[in-house]
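Each of the two complexes below includes subunit A, the first together with subunit B, the second together with subunit C.
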Partner chain A sequence: MMLKKINSSQFEKLFNKLKKDYNIAAPILHQKGKKELIEYSVIDDFNKIVWDKQPDTSPKNIIFPQNTLLGNDYEENKEYDNDKITIVLGVRSCDLAAIKTFDQVFIEDEMYTDQNYQDRRDNTILVGLSCEQREETSFCDVLGIDAIESDYAPIYLFKDNEIFWIKINDQKYESIFSDLPDGNQQDFEKLLNFRRKNFNQSSFDLDIPVPLPEKEIFKSEIWEEMSEKCLSCGVCTYYCPTCYCFNFFWEGEGEDSTKYKNWDSCMFSSYTVHASGHNPRDSKDKRYRNRIMHKFSYHPLNYEGLGCVGCGRCIDRCPVNLDIREALKLTEQFLDEKGGA
Partner chain B sequence: MVKTDMLPQKAEILDITQETTNLNIKTYKVKFKDDDFQKEFNYKPGQFMMVTIYGVGEAPFGFASSPTNKDYFEFSVKEVGSVTKELHNKKIGDTIGIRGPFGNGFPVETTDGKNIIFIGGGIGLAPLRSLINYVLDEKNRDNYKRVQLLNAFRSPEDTLYCNDYDRWESTKNTNVRYTIDEPCEGWSKCVGYPHTLIEDKLEWDLPNTRFFTCGPPIMIKFVTNRLKDLGIKPSEIITTLEMKMSCGVGKCGRCNIGHYYVCKDGPVFTMEQLGEMPDEY
Partner chain C sequence: MKRYEKITKEIREVAKELLEKNEVEKVIGFGKGLILDEIGPIFISKPKDIKRLEFTPEAEMSLAKYLLNYKGRNVAIVAKPCDSRAIASYLSENLINRDEVKIIGINGCPGIEDNTACDECDIRNAVIADYYVGEKMTEEDIQKELKDKEDKIEKMSPQERMEYFRSEFERCTRCYACREACFICYCEECFTDSNQPNWIKESVSLNDNFTYHIMRAMHMAGRCVNCGACEMACPEGIDVRALEAKMVRVADELFDYRAGVDPKQKTLLAEYDVNDSEKGFMD
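On to the complex of A and B.
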């Protein structure tokens, strides 16, 4: 492990040096109609980076683009220089945990690896960022995610006003930083301790078994209650850093046509419809249940760890204020009552 | 571990068989355009492939042929949606795309030395045909004891794989029955839903018998209930499911029943396994 301590202007110099050899993506402010959104983009100007707020979208669009042309990497995205590796700056612990779930499904799966995903992942260097304060809807701590530090990024940043501490977890990248001044380990520990002490815990508490027992949960009636106001719009799945459902589309005609992999959503009513018209998940409650159960039962059963990282984006974005925490709380109550009965 | 780019291989349609009189089911005989790829291609009865109509879409179909034939493979298609409609418009010599094989397939290895009963309904006979032809292949036939087939169709116009019947019936120690839903002039074989014929028309009580059934969900349900009533263990009743699928490799997220992905953990399940899964199919 290597520890460096630099100030903003030193970081800016490093940034300007690196941008010649790499695409550098970071969260910046985008004006979208009347809305301002913080989203990842390839940037040229270090000073545009928004460090102090959770980005509205996770970097999932970089490693798993919403619209992926298959068999012809990156061509569809003019923003990225195909020949360069992309450094993704400022990825928080929740989004790193989300990328871990993608890696489990698309790379480490014991049966199939998704070549396209792996190529993109191999061309990406994640640079993590320690959170300084909790977003209102975030509950990562309840799910066992450490917002202060994660070892899933080979490089991890700790921003302390105008100072950046850089922790290099992977030796492979040490040469990039070798000219920079070392950080004092004890001072670093002090910063971490201070941050841990002052980092507000989420007000939400939860006590459920993981994985959730699927057959028992299928008997629960909370899903109808929870999904009653759901619009099946799929916004939660698009903003979700761990949602990866997709579908294929073709452009052009005949053998010259091209195949695309596009984000899809298990919340859409047509998502599971057979050609015959039969639909195994033909109502909102079944679809909502599938989304929650995928994250808290199926993913843990098939891989390891949860399929939700507690980032809170689905809560922020839902047009009818559905709250995943409420669904989890009702599930906890359902299991408690069943256990007591 | 298999790496996949999710792109199909080009294959040529060698032959098309009109199966039913009303022409809504066709069987396609295809081979990969790349000869080396065709030579290396292998699959198990009960596995499936994703068939691409370039520019239109992709849909899953079970292999209807036995892997003992290395020169080509077959699948049967009932016209229901956009991909199947385009497939039905294809002609001999046309190019389609194929990905696969996917799924677990029938438990061929553990069926050695057993009696086998196949109960198929309509297009549900397609995936069973892969195993029937495999089991009745002269190279394999001695691995199994008595083999019985109960093929159920709505009407005489809905029968399929008619070209196989002579070969199936003339295989040693093999009994083949056919049934239609309602009595019909000129039909001298069985009449009635398959679950009502198990006791009379099949030697269902032979020891060490494994049942393979596929057809409309309602048929599978009645057949299974009847077999359970007759004391057959759910672990010896095997079926294959269909689901809306896109990727075939357990990632796109739509074919799951609880945490089981039909494309990867199935499509073949025993009734014992289905009994343990949530009711979501």
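On to the complex of A and C.
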């Protein structure tokens, strides 16, 4: 482990040096109609980076874009230079945990490795960022995710006003930073302790068994209650950093046809329609149940950790403010009452 | 804020009466979440929860569509004037049963924050209701509050207009929030989900985004009540309503038709008169 401490103008210099050899993507402000959204883009100007607010869109769009023309990765997105490695700056712990779930499914799974994903992942350097404060709708702390520090990124940043602490977890990247001044380990520990002490924890607590016991809750009525206001659009899944469902499509005719890989969403009624026309998830309560069960039962059963990282984006972006925290609370109450009876 | 508070108070009174007398099993209205401090749709079935009902400038969703989930059951619904027009449309299309729904209609709707449709709105009293809340606005007051209807898109040259819609639809991820938020989009199978014929490709591209939005707009002709729910639902801030609003103007100008103003009216496309204008809107 290497620890460096630099100020923002030193970081800017480093940024300007690196941008010649790498695509550098970072969260910047986008004006989208009436909406101001912070999203990842390839950038040229260090001063445009928004450090102090959680991006509205996760880096999923970079390592697992919505459309992929198979075998021709970045073709659709002219922003990225295919010959260069992409540095993704400012990835928070929640989004790193989300990328970990992707890695488990697409790379580490014994049965299958997704070569496209693996290639894109190999061509990406994630640079983490320590959170100072929890966002209004985030509940990372409740799910046991450490917002202050994560070792899942090879390089991790701690921004303290105009000072950047850089923790290099992977020896491979040490040479990039070797000229920069070292940070004092004790001062660094102080900063970490201060952050942990002052982190605004979620006001709600949660006590559910993980994985959620499918047999006990699958047929319960709580799903209908939870999903009553759901519109069945795909917003929660499209902006979720861990939702990775996809589908393949052949498009075009004859020799011109191409194979696409595209995001899909379990909230769409068409998601599970069989060729016969039968739909095993024909109502929104069944679809919402799948969303909760995948994240809190099926993912932990098959892999490690949860399929939800508590970033809160599904709550922020939902057109009807459907709140996954309320859904989890309802599940907790149901299991409590069942256990007590 | 006084207007919103008065409406909130009156909604609670009506809801209390309906639930206590067991006239309905649920009241569909607006209120804050149990954890989230923001307004969204809520479904109240116990009298003790009535105080959760609220009406604020953030009550942006159209609730009418939820009625389709409650056929055969007795429910009450809070309806802004635009939502009451949606309900009237459902009634004229025979989609819901009048006697199963108790409508709490808002008179003198004070408008919804950031909803550009409200600036153009001149139907500010509920068109149909069992209980009216708020204060009825006179035609004079409505005209006074009407913002100048200068349409920036109508004024554009075709090239500028193309550029405008290109930059808007480029952002579309086809999450279909606009479709699902729209009370008219109740088709069992949307053309976007059909694979035979395959109207639009599943991969998201500018061309197919155009196809989606234009085809949706065509289905809105003579049916859209210009409530702005599509635009409010869009997570990418796309001006989704622009095409639909054009359909509303076309129906008004050519056929003197406005959707959802009377539950007994026939739908625009279901009736024909030899004197109907034959002017196409493409010329």
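Assume the second predicted complex is superposed on the first by the 340 of 341 C-alpha atoms of A that agree within 3 Å, B and C clash if a C-alpha of one lies under 4 Å from a C-alpha of the other, contacts with A are read in each partner's own complex, and residues count from 1 in each chain.
Heads up, the rule we're going with is that a residue touches a chain if its C-beta (ideal position, glycine included) is under 8 Å from a C-beta of that chain, and two chains touch if they have at least 3 such contacts.
Worth saying up front: this structure is predicted, and the values here are computed from it rather than measured.
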Of the partners subunit B and subunit C, which touch A:Lys35 in the superposed model: first, second, both, neither?
-> second
Of subunit B and subunit C, which one contacts the greater number of residues in subunit A?
-> B
Touching A:Asn247 in the superposition: subunit B (first), subunit C (second), both, neither?
-> both
So, does A:Lys215 touch the first partner subunit B, the second partner subunit C, both, or neither?
-> first
Name the contact category of A:Asn193: first (subunit B only), second (subunit C only), both, or neither.
-> neither
Which of the two partners, first being subunit B and second being subunit C, lies in contact with A:Val105: first, second, both, or neither?
-> first
Based on the superposed arrangement, let me know which partner A:Tyr298 touches: subunit B (first), subunit C (second), both, or neither?
-> first
When the two structures are overlaid on chain A, which partner does A:Asn7 contact: first (subunit B), second (subunit C), both, or neither?
-> neither
Subunit A residues touched by both subunit B and subunit C?
-> 247, 251
Interfacial residue positions of subunit A with respect to subunit B in the complex = 70-71, 105-106, 109-116, 118, 211, 214-215, 218, 244-248, 250-257, 259, 261, 264, 266, 271-276, 280-281, 286, 290, 293-294, 297-298, 301-302
Subunit A contacts subunit C in the complex at 32-35, 37, 66-67, 137, 203-204, 228-229, 231-235, 238-239, 247, 249, 251, 260, 262, 265, 268-270, 315, 317, 319-323, 325-326, 329
Interfacial residue positions of subunit C with respect to subunit A in the complex | 33-36, 38-43, 61, 65-66, 114, 168, 171, 173-177, 179-181, 193, 201-205, 232-239
Spell out the part of subunit B that touches subunit A in their complex, as residue ranges.
-> 1-7, 10, 52, 54-59, 80-84, 95, 242-244, 246-247, 249-259, 264, 276, 278-281
